[in-house]
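Alright, structures below, take your time with them.
One chain, chain A, links the two complexes that follow: it is found with chain B in the first and with chain C in the second.
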Partner chain A sequence: MNNNRKNHKLYIGLILAGLIVLLILAGLIRSPYPPQKMEASLKLAGISAAHPMGCDQFGRDILSRVMIGARTTFLIAFVTNAIGLFFGILIGALTGYFGGFFDEILMRFNDVMLSFPSILLALVLIALMGPGTYQVMIAMGIVFIPSYARIVRSEFIRFRNMDYVLAIRLMGGSHLRIMFLHILPNVKGTILTSLIIGFNNAVLCEAAMSFLGIGVQPPDASLGLMLSEAQGFLFRAPSYALLVGFVMICMILSFSLLSDSLKEVQG
Partner chain B sequence: MMLQVKDLSIEFHDHLVPETVVYDFDLQMEPGEIVGIVGESGSGKSMSALAIAGLLSRKDMRKKGQILYAGKDLLTCSRKELRALQGKEIGMVFQEPMHSLNPLRKVGWQVEEALLLHSDLTKEERKEKALQMLSMVELKDTERIYRSYPHELSGGQRQRVMLASALICHPKLLIADEITTSLDVTVQAAILKLLQRFNKESGISILFISHDLNVVKKICQRILVMQKGRVVEEGTTEGLFENPKTEYTRELLDSIPKIRKLTV
Partner chain C sequence: MNLLKIKKSFLIILCLSLFLPTVLCACGKTETGNGTINVGIAQDLEDSLDPHKAVAAGSREVLFNIFEGLLKPDPKGDLIPAVAESYQVSEDGLTYTFKLRKNVRFHNGRIVTAEDVKFSLDKISGKLGDEPMLPVYALMQDVSIADEETVVVTLSEKDVDFPAYLAMVNAAIVPNDNPNMDSDPIGTGPFRFESRSIQDQIVMSRFDEYWGTKAYLSKVVFKIVPEMDTAVMNLRGGSLDMYAHMTTDQISQLSGDFQVLEGTMNLVQALYLNNARKPFDDERVRQALCYAVDRKAVLDLTSEGKGTIIGSSMFPAFSKYYMPELSKYYTQDIEKAKDLLQEAGYPNGFSMSITVPSNYQPHINAAQVLVEQLKDIGVTAKIELVEWNTWLSETYAGRNFESTVIGVDASYLTARALLERFYSKADNNFTNFSDPEYDALYEKVITLTDDEEKTACYKEMETILTEKAANVYIQDMAEFVALRNTFEGYQFYPLYVMDMSKVKPKN
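Moving on, here comes the complex of A and B:
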């Protein structure tokens, strides 16, 4: 590890992530205004001391809505990746470690899933389940499984014939023990970096789906939904779209920077 | 008779044409005996050893014959029975100490693992046993080694750690697959001495696989010579070195570099 060169990316990433987390935590405790409270006199009001980010088309305080919107977006990204990762590791570990006929079938099915653009596949699933926050989580979670399965599988194939895996088999260790106590820790680094890329993809994917009106439904707030609302008033209140977009950029940038710096630390 | 291998053949079935790598391999081992298998690369010595250790996969491969360990056939017994034998009765150490340890686990954890699988000792007892084992393989500063990661150790140290983890459950048979090959000569000699000491003190049988005839000569009582998947000659170490019966063994013996006196 190189300690002489300062890891600027790590610090910037940490600061940005800290800001976002602070925003979300503050929203959990108390937002400046109730996020659904409308005030007709403040329609599309600009930035002021009372409303640091201005107000939206119904006179709702944007800062308060960004607070809960960022939380929803974060939660969706988190759950989506948790689903994708859990099943991805399970499928990838089994197919990669054992190989054979089962592996062939699951991987061809995987190829089929991967050959669709992910947003299209999520659209189909949403069409089956109907729109809503939880449906978005499940649909996107399913869409995220194949790519994780693929990554985990290739790593397991790399490690399954290592001498130390043989050595543990010779000690009488079971396959499950080898898979999850010995190989998985070695795959951890690869999973971590792909997890962060997956997280960013999920944030963008949620934004795209809410933008299309099939994601989070009003009056709930998410960053994607707020962006799609803001586009109607792009010229009358450009600060609305710009500020929400800025928060989203911060979120994605912080995770990209963290991922990059983690890769550097890993070497 | 503790280990008896009868007519073992190993055939690969993972390509279009089946390929036989070991033909009619026979071996008998008594308790406390050190038997060597020598041969060039690809002669099937490692494959035979892996088969005896029960490490060859059960698909893609056809095995004929019998491997009887204490009367039990390792080729046909259930996985559960096999796993109970592995580690407890049969231990194995591989050629590359660099790759034989999990790089992300501390040495102590890995040495203890066999105990975790085969005994119900408490955590403290396991640690005590592991430290004791580490000092038995003549490692110094065992507390530090117990807490270090594999990359912090030298090749010789790692090979000693491997020995410790293979021997911690006191197996009756140790399979040593080219364990001295990647070590330098002084470390080689030390490891060989260690093996001999274990053999004398605890009566462990050792199946010693190597392509280095000098090493085999030092440690083994009986030697099998393999070529192209077949055992071409078998005999006591002296008999074989004094009076090789087949052409191949003679060639093999002639290939040992000899130090001649330089005449100026």
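Moving on, here comes the complex of A and C:
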């Protein structure tokens, strides 16, 4: 019974994620129309066979734009988490394993970072670097470091005095070897679940920033930016906002469900 | 942590399902009390309620209802006497004698005297210790009272456009005994100031002792609604009766309860190029850009084809100076544009950035279309959105940009307001345009007195801007005023003003 429910979550998550990935891959190969192609006669055209999601305010095909928009959003979320994870593991592992004064300093600094709402911190960084896709990746990446660092640190503290670690140390294994070859593999489950949560956070954060006009710049597309543009046409073309919103929900829901079922499998 | 994640995705679903009902029930309608109108404006009068301090166009358009100068503009763009009944200019053009209208009253009931006029003019010309309100007001060398009903103004140098400056709200006649102009503005206009709550609303009521045609409405409430989508909601919901400066996209979302009046914004929207930067220092490159752009398509894509295509720094409302033929000087010709680029040494095009203030959606939209069109001649343009303050300080004042899409307006009723900024030594020449012939014409035109000669000279200057392709001129944008069907009579001006005194309830 319990096992069954778990599977449902996993399957739904996999199907949704598969759809999104399919959409992105299809966009990589070929989108139905050039995503920037404007056509005055198709302004805010409704759903039709030629344009399954309709057209936006410049007569651009929304499906084509969702394809590259989802890709941009996905890419931003991926790079953001890569940056956050890399530095998070580095800082978390060092501070958790060694402890001491160094740990104290870095973790208090970490607390300061965490005490800001993450979007505010990202806003400040964007103000310094200027808006744009790459800047968003860097800004959000920096914002994501502290939470990863904290998770990794707590796991390292848990493992650092375990018998097997002490055993390797007695055998003369170096600190680096112990940290990254022996402890890290034991932590990877925790990291994986938090990575998926982080991924969702990044999707939402990108959407919020593009919505505020400081993320991806027009005429490029991202889901957040498209949602922001669609907002102005809620009465005339409600399907625009609803469809883009739906794609974003699918993306987030799929990863939430996957992370959930993964956690249960780990038990 | 995981729970939080799930919650967030549910929150999105919740938000989406919440706004559906909003869409459905926003069609309710409320009756407005007879004689009161609720007008939405985009920003509070943050600079000042004092007409001698108000600099923002959005402030001046509201204060226009409360204040008048010696002269004021009428909807056709002509100057009509207001506080002054008539005026005479001396032969040498240096002395203006204003005959004051009898029994013009301030909102506090006091009759306007020659002392008030002298006080007001002295104040804006900087004689009372402040900086001059505008540099042109410093031309007033002396203001003297000849008798109770006559004021004589002497200029330090001749300027035929002087009466036009006096018709601006900034040259309003105010009482000489009101210390609280910032919070309790008193003027002579058709409406009197009632109250203001900051970032919320400004209330005006009809001034029953107004010297001219009295206003029809007894009360006007200006409500501050900075967000256009909110304004559309409020119009549909009934809490607003009127909103000006709307775009086609917003208008298209209104219901049948509104009449939509079409006017022009009276500004020159263009892709302004930094003429001092490479590659825009080359005339051929600028011309290539002009040939690459299909203005008609810009209008079709951004405003359903509404708007007037222009070809130089002049908009049609200035009918005396406007040259319609210039708008056809450059028509899209990709081959010619490519040839010009080749000649200039850019056979494969180049990359450029277009800086656009993020709060002006129409400019962002136009820029997006331009980016698409410039691709055809191999020019890769990238849009950089900046905050309005950054645009003002970095792009406009700092001249640190490659190109920008913006609309430039005229603050007073002469061609000089638009053409002065391309004089190479002008402080506000943000495009760094520099042309000896143009400079010579400008230096000549400000000394001319004959109106016909002056107009001819201004037209020559416009032609130079077009021929040298100073900028990629696009259009004078169409603007729309949404007015609830229970009202009528709104009139457009060639200036950025909102005259509420002509609006009346429909029977």
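Things to note:
By definition in this document, the second predicted complex is superposed on the first by the 261 of 267 C-alpha atoms of A that agree within 3 Å, B and C clash if a C-alpha of one lies under 4 Å from a C-alpha of the other, contacts with A are read in each partner's own complex, and residues count from 1 in each chain.
Quick note on the criterion: contacts are C-beta pairs under 8 Å (C-beta built on N, C-alpha and C of every residue); 3 or more make two chains touch, one makes a residue touch a chain.
No experiment lies behind these values; they were computed from the predicted model shown.
Because the two structures share chain A, they can be overlaid on it, and in that overlay chain B and chain C fit beside each other without clashing. Across the overlaid complexes, the C-alpha centre of chain A sees chain B and chain C at an angle of 150°, to the nearest 10. Of the two partner chains, neither chain B nor chain C is touched by A:R158. By the touch criterion defined above, A:L234 lies against chain C but remains apart from chain B after alignment on the C-alpha atoms of chain A. Legend: residue contacts after superposition of the two complexes on their common chain; A:L170 is shown touching chain B, with no touch to chain C. Of the two partner chains, neither chain B nor chain C is touched by A:K9.
The partner that reaches more residues of chain A, of the two candidates chain B and chain C, is C. Least inter-chain distance for chain B and chain C in the combined superposition, rounded to the nearest angstrom, is 25, based on C-alpha atoms. Those residues of chain C that touch chain A in the shared complex are 1-2, 5-6, 8-9, 12-13, 16, 19, 23, 228-229, 232, 236, 249-250, 252-253, 297, 300-302, 304, 358, 361, 364-365, 367-369, 371-372, 382-385. Put simply, chain B touches chain A in their complex at residues 53-55, 59, 83-88, 90-92, 94-96, 99-105, 110, 113-114, 117-118, 162, 165-166. The residues of chain A lying in touch with chain B in their complex are 100, 162-164, 166-174, 177, 182, 185-186, 188. Residues 36-38, 40, 43, 57-59, 130-131, 193-194, 197, 200-201, 204, 213-214, 217-219, 231-236, 238, 242, 245, 248-249, 252-253, 256, 259-260, 263 of chain A are the ones that touch chain C when the two sit in their complex.
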